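Quick heads-up: structures coming right below.
Two complexes follow with chain A in common, the first pairing it with chain B and the second with chain C.
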Partner chain A sequence: MTTYLVRRGVIALFTLFCISFIVFAIVSLAPGDPIQIMLATERITPELASRIRTYYGLDEPWYIQYGIYLNHLLHGNLGYSLTTRNPVAASIARCLPNTILLTIASMLVALAIAIPLGTISALRRNSLVDYVSLTVAMIGVSMPNFWLGLLLILYFGLQLKILPVFGIGRLSNGLWDVISHLILPAITLGTSMAGLLTRLTRSTLLDVLTVDYVRTARAKGLHEAAVIYKHVFRNALIPIVTVAGLQFGALLGGAMIVETVFAWPGMGRLAVQAVQQRDYPVIQGTTLVFAASFMLVILLVDLLYVFIDPRIRYE
Partner chain B sequence: MSRRRILRTFMHNRLAVLGLIVLTGFVCCAVFAQWVAPYDPLEMDLGNKFLPPGSEGHLLGTDNFGRDFLSRLIFGSRISLSVGLVVVSIAMVIGTSLGLIAGYFGGFPDIVVMRLVEIFYSFPFLVLAVAVMAVLGPSLYNVMLVLGIVSWPIYARLVRGQVLTLREETFVEAARAVGASNSRILFRHILPNSSSPIIVTAAMQVASAILSVAALGFLGLGAQPPTPEWGAMLNEGKRFMRNAPHLITIPGLAIMLVVLSLNFIGDALRDALDPRLRGIEGQ
Partner chain C sequence: MVKKVFSLVGMIGLLLVSTVGLSASEPQRGGVLRIHALDLQNIDAHQLLGRNDDVSVAFQVYDPLVHVDSNLMPRPGLAQSWENTDDTTWVFHLRPGVTFQDGNGVFPEGQGREVTAEDVVYSINRAKEIAGDLDLRSITSVKALDKYTVEIKTAYPDAFLLDIHHLGRLMIVPREAVEQMGEEFSLRPVGSGPFEVVSFIPGEKAVLRRNEDYWLPVYLDGVEFVVIPDPETTRIALETGAIDLIWYVRNLQTAVDLAQEGFTIKPMGYSFRGIGFNMTKPPFDDWRVRMALSMMLDIDSAVKAVIPEGFGERAYGQVPPNVPMGYDPEGLRPLHEYNPDEGLRLLAAAGWTDSDGDGFLDKDGEPLTISIEIYPNPTGIDVFTILVTQLRELGIDAHLQQLDTSVWVDHLLTGKGSGIFFDFSYAGPTGLYSLFHSATIGASNTHFYSNPVVDYLLDRAGRTLDFEKRSFFWKRAQRIVIEDRVIIPVYFELGPAAANPKAHGWDASGGFVRLVTPDHSAWIEK
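And now, the complex of A and B:
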């Protein structure tokens, strides 16, 4: 287990290194340097300009610049926003918890829809219920999430006026304030994932339902609920957890859009605003943190296997 | 499997047939847009702004500049479908070539390609696309390029896997024994035999490419106004959604119908062409 962890850790570090290079390269290929971009919106003194030049090593060749970037990175310094001048790391630290809250809530929404629906579908295979839930799942996958978000705003926010449609709640206003702000974005973000996971739950359960130990369990007169719960479900969990983990990346990408629709003060909205303002250090920082958190989730999923399935040992 | 059998399996799936009909409708609109659309999609008529759907002369109403919404929708189908196809073509060509090389030659090329795949996979797809779009600047052309370049790994991994199994098959060995060159073996023997999963994946990927294009358009990073791209239309329309909800309901419905049709078709294609792929979607 320890050797496995170390190996995974080394690979993760290497990948992170490559990611940092790609993120650095993308922005280096951009036309214009930070000073020109800042000059477009405000006046900066020549002294400040030359200080920025030395800080980022803008007069040096690219590999020195990358070295400086890496050095800053290792000190937890993600640079400074070109528009607000604030440290990028601080902005991200402020937004990241909101994004985590939103993605976890969406994941829960997705699982709460997908697992019951997929299970019923598999148990009542080729019935009307199965047919309907598969079609609904497909619609969920095919719906653009920003559109679903707009429709929810239109109906629940503007027509019924029962749920807030902008921003995030404060815990100081009570728990309901937080939850009510969370409902619509979480449904919006969770829907496409729910569709995918419903289909997966169904097909995985169908596979497991036909294996020998399930037949044995039934043959020995075990209660159907116990068969499903103890034998089928636990074995079907691995593919579901895997895909849920892999889909976390899609969730993060979707968070950019959903956060923009609902003015949710998360990292996605930060990234989109930075892109619109060509605020390169913020783009670099958010992309890097997005990729790193995705990597972390994948790693966690791998470790989770050990708990789900005791047969798995990483030696 | 014989061609007729494949066709029969496909046609047996009623949803797929329905999808095919809907998609054909959109394709016809896209191809014959000039003749089908009642108005010029860019022609403004400021005296007739925000007409609701069903108004006289404007079946789907008009937008904030009095442009005929149906015409914009029809020209939008041209953009969405063609961009989706281009994106998938770019990704498929890059991914398939790299997958063939990695799988067939193994060794160093394999390591390099698979590392690249892993690194691309460690970025959330849309996040990477948005970051690159930020640098290249918003335009429809850049959208195609970026989405194409970002989405190749799925094909590389798929094709590599196919090659690894096919490489050991007897017919490949036979071809090698009679002195066939590497490129002949790759393109005449291995590639045709791995075409089914590639086609199935491509069909599904056109659907997700259309969604991504619309998402970028919606964020203002894709097609720029006044281009009648569906995502950009939603972005423009959202400011007026309170008084003119049809500006957001209709383009979204169009996106959903096209994507849904493609997904139904892809599903049925998979069942017809390659039943082994069943149940591994989303990986």
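And now, the complex of A and C:
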């Protein structure tokens, strides 16, 4: 197991290095930079633009700029935003916990919908319950995030006035402040993930329900609930955990649309704003953090397999 | 694109009666005003880089050296008077008794230090060194003559030294707070303004409370700026009472709807919108083509179809109505004529005719293709779609090309684009210089326009301290720019602010929120 973890760590570092170079190249090649935008919108003078370029080394050749960036990175310095002058690491440290919170809540909502719905669907295949749950799953996948989010805001925030319409809650204001701000964005995000997970749960369970050991368990007189939870479900978990893990990892990069609609200060908004403004240090920092987070989640999912299926071992 | 036919002039006039100084009731003490922000990142006084929401917060926390009123004219503020001892020397006299905020890690409770001339000297030098967004390049030296007197020398007579992009937005900071707090100063700054920072979370909110020792009356207990990026959520937040003020409603139809719902609508400021040309790019390097296009556009119809009454007006020049110097509709209107036949005649003289009978003009086998580049901007897209349609009906292969903002900017600055673009300016008094002086080619002069006469007039205006003479040079320069058809002015968009009708005494003109000034102090009706 130790060898396996070390090997994964080395691969991760190499991957991060490649990602940093690719992102740097893409951003350098893309037209426009933040200094241009500030110039064109008359926020700064040409003389100031020239000073800012020199100060940030933007007038150096690209390989010099990349070398400087790597050197800073190796010393744990992600640089400073070109548009706000805030340390990139501080901005990420502020946004990442908010994104993690929203991701966990959304995943819980998604699983709370998908697992029961998918299970019932599989057990009552081709029944009215099955068709209804498939339709619900389809609606969840098809509905645009921003539309659902605005509908929820209009109903629960404007009409009923029982939930806040924007922002993030703080524990210093009480647990309900955190939960009440989390409900609507988590439902919005969770609903769209639940669709895919419901169908996956259903199809995986259907596969497992027909195998020999399940028939044997029933023949031995085991209670149906025990058959489902002890034999069927556990053996169907691997694909569900894989897809849920991938969705979780993807969400750690932030959900831009939901974060914008609900004014949730997460990684998605930070990253997309940086791209729109060509804020190179922030783009690079957020991409690296996202990549590292994603790889960590995949590693955790792989390790989880060991607990789900004892036959799996990593040497 | 369906415009609601609704006259708001009367309503706006009525609502404006309830503004500063004309309110029917007396100001009431108490309450917290919650203000919308698109983003909040860094409120260090000299690192604002033109981010309007951060600047709005800064106006509450600090005092600028000079107060610029809603007509963009400099007025006494922290500096209670000033004079020119000669054309390049300014002497400012500070108001005694103004203190920096106390009860923080720098100045303990009851020990706020008085603002002195040395603080002004420090602030100017810091702003210049840090490379923020203030244009202080004309300042060659600054020194304290005594405790309340500052002398500033400039390299040349600088007519714009006191405006909102110069000393009118130079915030005064205490040296000891900057040195002691380091990077923390950008999150919990100390100033001498009407409100103190309680907390500032970038991307989320800024919470401020009344500075009890401020030199002007402060009625509000506190202010909160809350970040809401989505426009629909922002509107709902105002309608539910979660916020009280949206200082810039970007969608005009939303402003119209909010006015009908009874919210207070006030002007934030005018912005110029028009068609700009890259003067070096064919076929727009030919004056006849530029002039012809301007004669073939029925701009009045397009503006009337899209802009609700009271939220903008037809533009004949670049200088908008709220800028005291250079707004000249009467002088410039005669230069604009809607005459499509004459326009076609001019194009024919330039060699553009429908030689192949396909309904579109061409020359030497090449069609006259016009692709107006525009960034995402709902009102502009609606107006320009009408203009493009008008051109197509007259036989010009015209299109509107929507680009990502960064790509649009890159095309303008490098000249790589089509050569014709949606032109805009938020600039106050210095807009003409930014857009048309040859010294700013490759920067804000995206027209690549160079006219020595215009340069001379703009330079003379910038160095003429007398207001009337300066205005003459400015108008003259603007006239030549229009005669050269560097731009086709289309409209001035009035950015509206919307607020809870119980909020009074606030001002959003000039592009920033100002709650407490010598002219007014915001308050909430209970």
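As a convention for this text, the second predicted complex is superposed on the first by the 274 of 315 C-alpha atoms of A that agree within 3 Å, B and C clash if a C-alpha of one lies under 4 Å from a C-alpha of the other, contacts with A are read in each partner's own complex, and residues count from 1 in each chain.
Keep this in mind: a residue touches a chain if its C-beta (ideal position, glycine included) is under 8 Å from a C-beta of that chain, and two chains touch if they have at least 3 such contacts.
For clarity, every value in this text was computed on a predicted model and none was experimentally measured.
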item	value
Partner chain in contact with A:Val243 - chain B first, chain C second, else both or neither	first
First (chain B), second (chain C), both or neither touched by A:Leu154	both
Partner chain in contact with A:Gln276 - chain B first, chain C second, else both or neither	both
Partner chain(s) touched by A:Gln65 [first = chain B, second = chain C, both, neither]	neither
Which superposed partner A:Phe294 touches (first chain B, second chain C, both, neither)	first
Which of chain B and chain C A:Val165 touches, first, second, both or neither	second
Touching partner for A:Thr260 - first (chain B), second (chain C), both, neither	both
Chain B versus chain C as contact partner of A:Asn77, first or second or both or neither	neither
Footprint overlap on chain A, where chain B in one structure and chain C in the other make contact	30, 146, 150, 153-154, 158, 260, 276, 278
Footprint of chain A on chain C - complex, ascending	39, 41-42, 44, 47, 49-51, 131, 133, 135, 137, 183, 186, 201-205, 226-230, 232-233, 236-237, 239-240, 242, 404-407, 409-413, 416, 425-427, 431, 434, 439-440, 442-444, 446
Interfacial residue positions of chain B with respect to chain A in the complex	15, 115, 118-119, 121-128, 130-135, 207, 211, 214-215, 218-221, 231, 234, 238, 241-242, 245, 248-249, 251-252, 255-256, 259-260, 263-264, 267, 278-279, 281-283
Partner chain B, residues of chain A touching it in the complex	15, 18-19, 22-23, 26-27, 29-30, 135, 138-139, 141-144, 146-148, 150-151, 153-154, 158, 196, 199-200, 203-204, 206-207, 242-243, 246-254, 256-257, 260, 271-272, 274-276, 278, 280, 283, 286-287, 290-291, 294-295, 298
Parts of chain A lying in touch with chain C, wherever the complex brings them together	30-33, 36-49, 51-52, 55, 81, 83-87, 91, 94-95, 146, 150, 153-154, 157-158, 161, 164-168, 260-263, 265, 269-270, 273, 276-278
